[in-house]
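Shared between the two complexes below is chain A, which pairs with chain B and chain C, respectively.
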Partner chain A sequence: MKIKDTLENYVFVLPAVAIFSIFYVIPFIWVFQLGLFEWDGISFTKVFVGLGNFKEIFLQDVNWWRAMWNASYITLIALTFQNILAFMLAWACDREIKMKNFYRVIFFIPPVLSEVVVGMAWRFIINDIDGANIINRTLIGMGLTNFAHNWLSDPKTALTTVAIVHCWKGFGWGFLIFLAGLQTIPRELYEAARVDGASAWQSFRKITLPLMIPVMVLVAILTVLGTMQVFVLIVSLVGGEFAGHTSVPVLRILASMRGSSRFGYACAQGITFGMILIIISFIQYRFSKKGQ
Partner chain B sequence: MKNAIYYKSKKIAVNTLIHLLLISVAITCLYPLLWMISSSLKSQEMIFKDISLIPHQFRLENYILAWKEGGFGRNFFNSIIYTVAVVFGIVMISSMAAYAFSRLRFFGSKFLFIMFMAAMMIPIPGSFVALYVLLNKLHLRNTPIGYILCMINVGLSTSIFLLKTFFDKMPKELEDAARIDGCSKIGLWFHVALPLSKPVLAVVVVFNALAVWNEYILALIIFDNRQFMPLQVALQTFQGEFVTNYPLLMAGLTITALPIIIVYLFMQKYIIKGVTQGAIVG
Partner chain C sequence: MWFKNMLLGVVVLFSVVGCSEQKIDSKPTINIWHWMTDRDPVFQALAKKYETLTGVKINFELYAPSDAYTQKIRAAAQGINLPDVFGILGEKRDFASFVKAGHILDLTSYMEANNSNWKNSFFPKALAVNEFGPQNSYGINPGIFGVPIDIMTIQMVYNKKLLAQLGLSPNRPPKTLPEFLDIGSKIKAAGMQGLVSGWGEVWMIDCLASNYAFNIMGKDKVMATIKGEVPYTDPDWIKVFTIFKQMKDSGVLAQGLVTMINKSAEQLFANEKAVFAFNGSWCVNVYKGMNSNLEYGAMLPPEASDKFPMAIWGGAGSSFMVNARSKNKEEAVKFLIWLTDQDQQAYLAAQTNNLPANKNSLSKIPEVLAQFARGMDYATHPNVWGVSEFSLVIEAFDRGIQSIIIGEKTPEQAANDVQKIKERELAKKRTN
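== the complex of A and B ==
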């Protein structure tokens, strides 16, 4: 009776554990194994190269580090521009204001759309088609003909353009979290500060900012994790599967796998990238603990 | 008196500025989407000439063309099937597991739960490479069932976490009463716990549905045949084949985006709740 009872308990977790073991645990282990081999994905023999793949990543793979730099650049813009904008908007909405809910609903539309839709729709708006390029049309209309150009194929502007579209898609999500955080601050604190004669700026600096630090750290960590791994948006915005000079790490992994059929190398790149992400989040986390 | 007027007008000025800021951002959010919809209703020549948001004539036949000849009808149907199947699978499997983790005692339960939670935290960007190899070995690549199983796995951890947190807070009295009436464990889960967890189930359903509908990378590596592809990947294929047919592409984008926007507008309460809950938990 007791045994049957216990077995019954395992039945509850069996489907979840089975799917998880097959589709998460096994690939997880394989990534680490394959990272040590040179393998084209088809042949029966894999060549053991030890840490050779990693050596190649760190010492020779210029494209990889170029892609890392690109992703870092986009992340930096997302951390500053996107999150400051999100915070400002949340702060503006955190008061008795009309149409608050309307703004909240609208701002979260871009985050629920897929990156493919966002990328293609924006590509259509800013790519070099004469009539449809609204940005260029506006610039020409304002007499700034020199500034109108092909934003996505010019290497100087491509990455920033990608970053701005990424911010357009992502700010609403930071906005929601910031707004939720702001609303947990007790109103009495602001009342008390006002009674004591504090200006709006003072109460913002002395009450809002310190209480919002944990939320900001959370948003910062999630922004870094999300933005560093961006790639679908770039594929659909810039076009071409590996996106040339706007390439990012995930695209390099995809390129190693599908482009040059180096499955082992792709896994090694994945491990390297995963480690870098974990280290960055850990540093951010420690940094925030120290700050408090 | 003068003071009161001063403060009042200052407040109005500040509020106007705030509204101006918020409205300009809201327009920036909506404009590309309206432009996309508007372009999907224009003809190929008009797209280059007519830059007004409201087209002079509505060419609805673009949608029929995209649906039939562009093949988006088939892919739309695929996306629906995948979304429904995956969400149903996740709800059943993760609520069962979450119920066990919350209510039942068995050896290894803590370890298993921690394993699921660890999976939620650790990013493995290269996992799709190994997943591709695995699916090839299991002969599940280029099959809908392979994709559905992978996607169920993607949503499991977070859903188990959300549901377990909810079950932990749920009072046990109702289950006790049902147990005394002779209800089995499976019955307790299905007839008592599951109906009571409707608020959190809504969050689980909406978030996973959005995730499956918008998913790209797994669909890209799993499917070779366009007949199995969901919309997101089919759009890429379509763009590759008909680079210049913008009205049709925009119609395809609208077909892809509209269901999500509609679901979002109806379920925004749960989506906002989910995002903010996730934030507070984290």
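== the complex of A and C ==
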């Protein structure tokens, strides 16, 4: 009977396991295998290079690590600015404020927009040459002429501008998850704290924050995984890698595939990138466990 | 009961109809994948005409933009699922890979049939882009593997009205680099934008740099550099890099050029916000659609040296290849012969403002397009050089120029960086 029950259980999960294996596990193994070859993506023959591609990534490919640095910078801004904003807005919407349902809808519009649309719209808003230059005109109108700038075509500000636009687009997801998390906190805890004479800040620090830690960890992991893979926004905002200033890992992988016709190397880059993201997520998870 | 009988009757009816003998079409359908958005309506019209004449159905499918098309073709090649006719966008080495993998039909015998009638109808430079010569460095047996359907040159264009506003003759664009740089200060003072181009897409930087390399050091030295015999730190190459610094310092380059995509550059020039643009002859149709009143002319990039002639990129604009594994090879070739015939080429040129590949079809074209056509005398193309530079070197070269324009590197630093990558790639090649 036990064997029969076990078999029955496996039958139920088999479709999901099959789909997962076909679309995730097998391609992952295949990509890793391709990473061991030098292949142009067209020929039927591949040249086995062993770990040569991985060696090149770690020891010679300066452009790759610059791309990783740029993606990390955007992720850092997303982890701080974007998520703090999302949390504050979620906290505000969790309280009894006017029009909170309206705000919930409005804040969730940017994440559902296409990245290409967001990039093109913001390029039009920001760019002074082929756009409406709204930001600079507003700054000049406010008498802040010194702050008017070529935000997207200055290498010093291009990446930060991309990061801010990414935050605008991405904060809605964090907002939604934080809001859901806040709504699971029992109201009785706040009432009890109020009865005990706790201030709003003390309630926030002693009740809200500790109970929100698992949600924050989840949002942080999702932020890292999502932001490190950004590239569509960069292409639509800046046009490309901008002499390396807006290079990110996915664009480097695309450059290896398309520009250099080095599919094997691109696969190796993909595997390396995936492993780095897994390690970062694992570290975040362990860190949060220790914190709890 | 009545309902069940009705349902059974419907099922039987559909089964009978479904199993009835289908009328088999004896004429094949030729599937052609392309990326040319502006030419799709004309292709569809020509397809209908061909079907009326021969009964063979031609199915043009558009996959744009060109990046998406390139990926689609590669994916189809990997799945051995290419259509009957397609194009290859990219470098000659990619073309060679497709040929080596057996994806592309050798058209030499078709070209040379009937006293080479078909071959002789094309501009030689257009055909050369689709040809692999004897002892080519790609290891391909010599032959013709593609059919050009139009030709193009990449030159500069200038706005006549804006030039006049700067106090210059609208019919005498700058011929030398010093004249061009001098205009930069006037452009700055007038608050206009200078040269626009899709330099966010890097290959166009490569194109202009290559033009100046030929002008400064001649073809032989450029080829020797690609072969590794001359370093990129050579004084002549430093001169090439320095030209971009000079252009940036003079103010003749538009702001934000390094992040500009070609579509934005085309819009800026068409809307008369830029005095110059660096673009291909396809721009004639594009500008016509954006601003039919635009008054402009085409010019060669202003010469930096009188030692060697200025060279521009030109040759076949778009080409089609026949799938070697297609079951409809013969019909596909027949269609391409018809498509590149004088009448169809003249029709294509008239409707799309692109230069015809058939040299007998150049009868009535707009004056500005004729200026682009005259540039063919100076045309060359990396795909006809017989050697290819390493892609990582090209990337470093183009990035180096971008860094010079944004003031991050000097020409010497950019040259050093490129040479380092070149030496590394040469060492790798020797090891392999």
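In the analysis below, the second predicted complex is superposed on the first by the 259 of 292 C-alpha atoms of A that agree within 3 Å, B and C clash if a C-alpha of one lies under 4 Å from a C-alpha of the other, contacts with A are read in each partner's own complex, and residues count from 1 in each chain.
The definition used in the following text is that a residue touches a chain if its C-beta (ideal position, glycine included) is under 8 Å from a C-beta of that chain, and two chains touch if they have at least 3 such contacts.
Computed from a prediction, not measured in an experiment: that's the story for all the values here.
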Side-by-side fit of chain B and chain C on chain A, or clash: clash
In the superposition, chain B vs chain C on chain A residues touched: B
Chain B versus chain C as contact partner of A:C267, first or second or both or neither: first
Which superposed partner A:I207 touches (first chain B, second chain C, both, neither): neither
Partner chain(s) touched by A:Q229 [first = chain B, second = chain C, both, neither]: first
Which of chain B and chain C A:V238 touches, first, second, both or neither: second
Touching partner for A:I185 - first (chain B), second (chain C), both, neither: neither
Contacts of A:A158 with chain B and chain C, given as first, second, both or neither: second
Touching partner for A:A255 - first (chain B), second (chain C), both, neither: second
First, second, both or neither for A:G41, with chain B first and chain C second: both
Clash-bearing segment of chain C, relative to chain B, as chosen among 1-9, 19-27, 37-45 or 73-81: 73-81
Shared chain A contacts, counted only where both chain B and chain C touch the same residue: 41, 129-130, 239, 258
Chain A - residues contacting chain C, complex: 40-44, 47, 60, 127-130, 150, 152-155, 158, 238-244, 255, 258-262
Residue numbers on chain A that touch chain B, as the complex places them: 6, 8-10, 12-13, 15-17, 19-20, 22-24, 26-28, 30-31, 34, 41, 85, 88-89, 92-93, 97-99, 102-110, 112-118, 120-122, 124-125, 129-132, 134, 137, 168, 172-173, 176-177, 180-181, 215, 218-219, 222, 225, 229, 231-232, 235-236, 239, 249-250, 253-254, 257-258, 263, 266-267, 269-271, 273-274, 277-278
Residues on chain B engaged by chain A in the complex (per definition of touch): 15, 18-19, 21-22, 25-26, 28-30, 32-33, 35-36, 39, 47-51, 92-94, 96-97, 99-101, 104-107, 109, 112, 115-116, 119, 122-127, 129-134, 149-150, 152-153, 156-157, 160, 185, 189, 210, 213-214, 216-217, 221, 232, 235-236, 239, 246, 249-250, 253, 256-257, 260-261, 264-265, 268, 271-272, 275-276, 279-280, 282
List of chain C residues in touch with chain A within their complex: 67, 70-71, 74, 77-78, 90-91, 93-94, 97-98, 100-101, 103, 193, 198, 200-202, 254-261, 264, 267-268, 273, 391-392, 395, 399, 402-403, 406, 408, 424, 432
